[in-house]
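I've put the structures underneath this note.
Next, two complexes with chain A in common: one pairs it with chain B, the other with chain C.
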Partner chain A sequence: MEPEVLVAGVLAGGLYALVALGLSLGIGVLRLVNIAHGEVIVGGAYAAYAVIERTGWDPLVAMPIAMLAMAAVAYPIQRFLLHDMVMNGPQAALVATFGLAFLGQAFFLGVFEADPRVLPASYAASGADVLGVRVQLSYVVTFVVASLVTVATHLVLSHTRAGAAVRAAAADPHTAEVLGIDVRQVYALTFAATAAIAAAGGVMAGVTQSFGPSSGIGLLLSGFAVVALAGIGRVGPTFVGGLLIGVLQSVAVSWFGGGYREVVVYLAFFLALAIRPTGLLSRGVTA
Partner chain B sequence: MTRTRTRRDLALLAVVGAAALALGGALDAFRLDLAVTLLVYMVVAQAWNILGGFGGLASLGAGAFVGTGAYAMALLLIHTGAPWPVALVCSGAAAGVLALVLAVPLLRMRGAYFAVGTLAAAIVLQSLAVNWQWAGGSSGLTLPLDEVPVGLPLYRAAVLLAVLTFGAALYTRDSRFGLRLRSARDDEHAAAGLGVAVFPHHVAALVGSSILLGMAGTVVSLQNLSMTPGSVFGLLWGLDAILMVVVGGVATVMGPVVGVLVVYYGLTKQLDDHATLALVLQGVALVGIVRFAPAGVWPFVVRGWHAVWDRLPVTRAGAAR
Partner chain C sequence: MRRIRLLAVGLCAALLLGACGDDSSSDAGGSEPGGSGAAFEGEIRIGTSQPLTGAFGGGSGDNPLIAGFEQAVKDVNASGGIEVDGKKLKLELVVRDNKSDANLMAQQVRSLHLEDKVVAQVGPPSSFGFQAIPIVNSLKIPTVMAGLPVDLFPSGKDGYWYASYLQSKDIAPQLLEFVSTYPVAKKVAVIANNDPTSQGFAKGFKAAAQTAGFEVVAEALLPPGTTDFSKVISDAKSKGAELVSVQLSPTDCPPLLKQMKALEYRPKVFSAALCGLVPSWPQQGKLADGAIASLVWHPDIPGLPDAKRLAEAFAAAPNNVSRMASVTGYQAVQILADALKRAASTDPEKVNAALAATDGDFVLGPVKFDADHKNVVKPYQGQWQNGEIVPVYPKDAAGKHEFVYPYAGLA
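Showing the complex of A and B:
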């Protein structure tokens, strides 16, 4: 295996790590499997697109705006819609997000039309030398963004009061409520944060590959493949899992050709869950 | 009580089925086609209901099995001289075999993971179909026109399939198998503790549901004469299945019927030219129903019926319902 394949895989994996981080936190903290997560990612890409179209800014400048926009959309959805659905059965919220996913797709289709788009960046076509290997600069940027977001998330969760509140609400929402933590607010803010992370992933996905209204599902499943490998809710393993998936995909494409790049990821998802439902990289605590 | 109710419902099913078959002769081509479409939706919804409503395993990937049935039918008709009824049964079996294979990884998961697993299955199969040049690749397949039933024979096949599906649903609702399945749905650990073999029941529900979905897929392929990976493996089947069952009433036999009629006439038909808007409304409907009326329309109707019926002086005397 040539080093290009490996390095390209690791860098591309940064995108998967971003995609999966929001999903994983949603499941780990809110116990919500957000089937519309892919649409949140794509929403971030479209939001950035809308900004760039009017201002001509670099995607990285548009990224905070896209993140804020998706967070603003996500907050009320969780707080006023999804939070109360838990009472209607464990799968009610899941089915609801399934409906939201279609809603999102239809919205994108209606507003932006079906044509695939790309977020234009000055470095999109350039190459760079990483460890002696020639790679696309945009993937390096993605990797850096993913690393920064991951580290920031970890630091917030482990070293701030807000992070402690999130962890408490995740571990035992009833007790947290009794201890004075507004769980509904914490959940809503966490969901908004996952949407922001997803939007960042969407912007980077928009730079490195084209996207369209129906790109969400593929991204969702890639995220799930990472979660299956890494286990739920743990920031570090999710990052590593993303890199692993990136490498897996890179190797598979170099062996079997481009048509199977998605299939490999989904098969990894199946195998990971079949072999070890709690996640290959986790220590076996209940998922 | 249950025995009587089952016998009554089975008799009702037989009568309705026979009437539907007989009625076919009086319908024109357009209405026959419409009827086939509605019957296919009812089969898909009911099949989902068996696995998801009675079995508690909500699947998002109905498309995986519908598509398998459709492609199997098309490939059999194109490459072998098999008569279409034989191909139909074989295609259903193919979907069942797929379900058996997928049961191993899928049934290790519950709830959300199971749902996502079925979603992944549908997506994987769609990708494989797109890449499979022998099976038409992304352009899909077209069925040989002279070997395909149209009009009345297709309608009759659809009616028989629907009767079979509803019979399966009745069985799941009223039999001991169904009781054990539902107990596993309501509390898997307690059921297992009481001696219910959960995994075999889940496999049976998954395989049975998938065979029915596969056969629905064959009818779709026969009706449309051509298919693309997206049209038969697509996620829209999963959405429609859930929406129609949830709107109508989960884990009831009549629910899917009501749901199909409401969604089809209320949504799909009205918005024939506005596919995007229809999709938006379907999404909204699903979210709304799950949030505000999770039991669906049918139980609502039943309660209303009882509220009126049980109050009538005639029925009050002998009310042992």
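Showing the complex of A and C:
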């Protein structure tokens, strides 16, 4: 295998890790399979686009605003719409997020039209030499962003009181309520956090690729593949799972051509579920 | 709590149903009363099913093809409408939104004829146009297709539909003839999506390249949504391809260009047959400058009737690619209106016969349908320069515009 295939795959995997992290936390903590997660990612890209159109800022500067915007949209949806559905089983919430996905696409189409958009950045088309291999600088930036978000998420979950509350609510929400944890608030804030992480992924997808109203589904499917590999709700394995998907795709493109890029993702998804449903990279315990 | 839950479920269900939607109709279009002051004694309706929303839609009110249809209707009414059986009738356009759904499009082509009583239609764009053919023939609806390469259609002989546009097989030879006048190595990379139309284009381009003495040194057929073009870029770069021809969806071209620049692959000529013809192409900034795409109209091309007037009529469009789409739509209605005037009747057989006998100058040039009900419009090569597309070949069409060589966007 040529080194540039491996390096390019690892860097591209950073985007998949970012896309999957929010999805994994949502399933692990809220037990919510958010079918609208792809639209949240695209929403983050559009939010950044709206800011950049008006200000001319770099996408990395617009990213925190996009993250806050999507968190602000997600919080009331979870708190006032999805929470009771989630507490009574996953099916109703799953269907609800399906509807939200359609709504999101229709909204993007109505406001931003169907033409694909890109987020302009000075490094979007630049190259860099990493370990002697020529790669796209935008993917290096994405990898760094993904690493920082993953580390921050891990630290919050494992070293803060808020993180302890999230883990308690994830383990047993009813007992957590009894112990005085406001589970509705914790769930809403967690959902908002997953939306913020997704928005960061959307911004980097907008820089490295392009996006349109229906771009979310492809990103969502990639996210599911990573979650299947990594296991649900596990931050570190999700990051590694993202890199693994990136490498698998890069190798598939190199060996068989671009047409097999998506085959690899779906194959990994089904094999992971078939061999070890709790995740190939997990220790068998979910969040 | 239960009520809130039920309310939430109900709201989501309603949102889901609303978002999915059913066969809803947009407002019936129609033009303003004619400026000539002519008193109309009735109306004559034509219709169209278009993807105003959905995957191919641009949002309500932003469809350049519809803008072209409406302007043509307005101009027809301003010049006195259509005379049928001695009565001056106002031309009315009925527009239906098929939400980018082929099944809905088929239903609407039928309902426009059977319920809305339109006497003729302007066809839906993209591959929907092909799917409308059996319906318009079975219901005998005189139809003019808008904006699809005519060689992609089957024969229209004995049918009720007509197509006037460029031939996709004319594009590659013209491009290669043009490129051959510049110091470009005769090595080409072909990158296309793997859907049947794009594959057909790639196959045609390869054949034309070989005829013109070019060697295809790298090629790739990729699914839409591809973001990793590293293999074909690496192949093209290592084998010295200085001409790149792409037939990719609009979402695929930006990542391709970014990757080409990042990997320091700088072809001298970049032809973007499909993605280069979206109005949002300039959003990529400098990367977009220099791409070539085929045109059928531009306000600066000499000899095209009414070009300046139409450029002013569509001045609000973001660029000349959008205006070109409007003029394409304008031509379709113009041809239909001309046939209705000559037929002086709403009888489908008479209108069909009048369409077949079309022979005149229209906004994209001369139109005379052959036995297959097709008219070939002349293509031109355009190049994106500083956010606008300009004609660069043939020389007599380019006028003051010069071809910028090599490809500026990747310099």
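Criterion: the second predicted complex is superposed on the first by the 280 of 287 C-alpha atoms of A that agree within 3 Å, B and C clash if a C-alpha of one lies under 4 Å from a C-alpha of the other, contacts with A are read in each partner's own complex, and residues count from 1 in each chain.
Rule of thumb we're sticking to: a contact is a pair of C-beta atoms (placed from the backbone, for glycine too) under 8 Å apart; a residue touches a chain by one contact, two chains touch by 3 or more.
In this text, all values refer to a predicted model and were calculated from it rather than measured experimentally.
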Check the residue A:A106 against both partner chains and state whether it touches chain B (first), chain C (second), both, or neither.
both
Of the two partner chains, chain B (first) and chain C (second), which one does A:L60 touch, if any: first, second, both, or neither?
neither
Considering only the touch criterion stated at the top, classify A:I27 as touching first (chain B), second (chain C), both, or neither.
first
Partner chain in contact with A:A274 - chain B first, chain C second, else both or neither:
first
Kindly classify A:A92 by the partners it touches after superposition: chain B alone (first), chain C alone (second), both, or neither?
both
Mind working out whether A:A125 is in touch with chain B, chain C, both or neither, as first, second, both or neither?
second
After superposing on the shared chain, does chain C or chain B touch more chain A residues?
C
Classify the contacts of A:G218 with the two partner chains as first (chain B alone), second (chain C alone), both, or neither.
both
For A:V73, select first, second, both or neither according to whether it touches chain B, chain C, the two together, or no partner.
neither
So, A:D84: does it touch chain B (first), chain C (second), both, or neither?
both
The shared contact residues of chain A with chain B and chain C are 81, 84-85, 88, 92, 95-96, 98-100, 102-103, 105-106, 109-110, 218, 259, 262
Touching residues on chain A, where the partner in the complex is chain C
4, 8, 12, 80-82, 84-85, 88, 92, 95-96, 98-100, 102-103, 105-106, 109-118, 120, 124-128, 134-138, 208-215, 218, 249-250, 253-254, 257-259, 261-262
Which residues of chain A touch chain B once you look at their complex with the stated criterion?
27, 33, 35, 81, 84-85, 88-92, 94-96, 98-107, 109-110, 217-218, 221, 224, 259-260, 262-263, 266-267, 269-271, 273-274, 277, 287
Chain C to chain A touching residues, read off their complex:
1, 4-5, 8-9, 11-13, 15-16, 19-20, 53-60, 62, 194, 220-223, 225-232, 250-255, 257-259, 261-264, 278-280, 283-285, 287
Considering the complex alone, what residue numbers of chain B touch chain A?
58, 60, 104-105, 108-109, 111-113, 115-117, 119-121, 123-124, 127-128, 130-131, 235, 238-239, 242-243, 246, 276-277, 279-280, 282-287, 290-291, 294
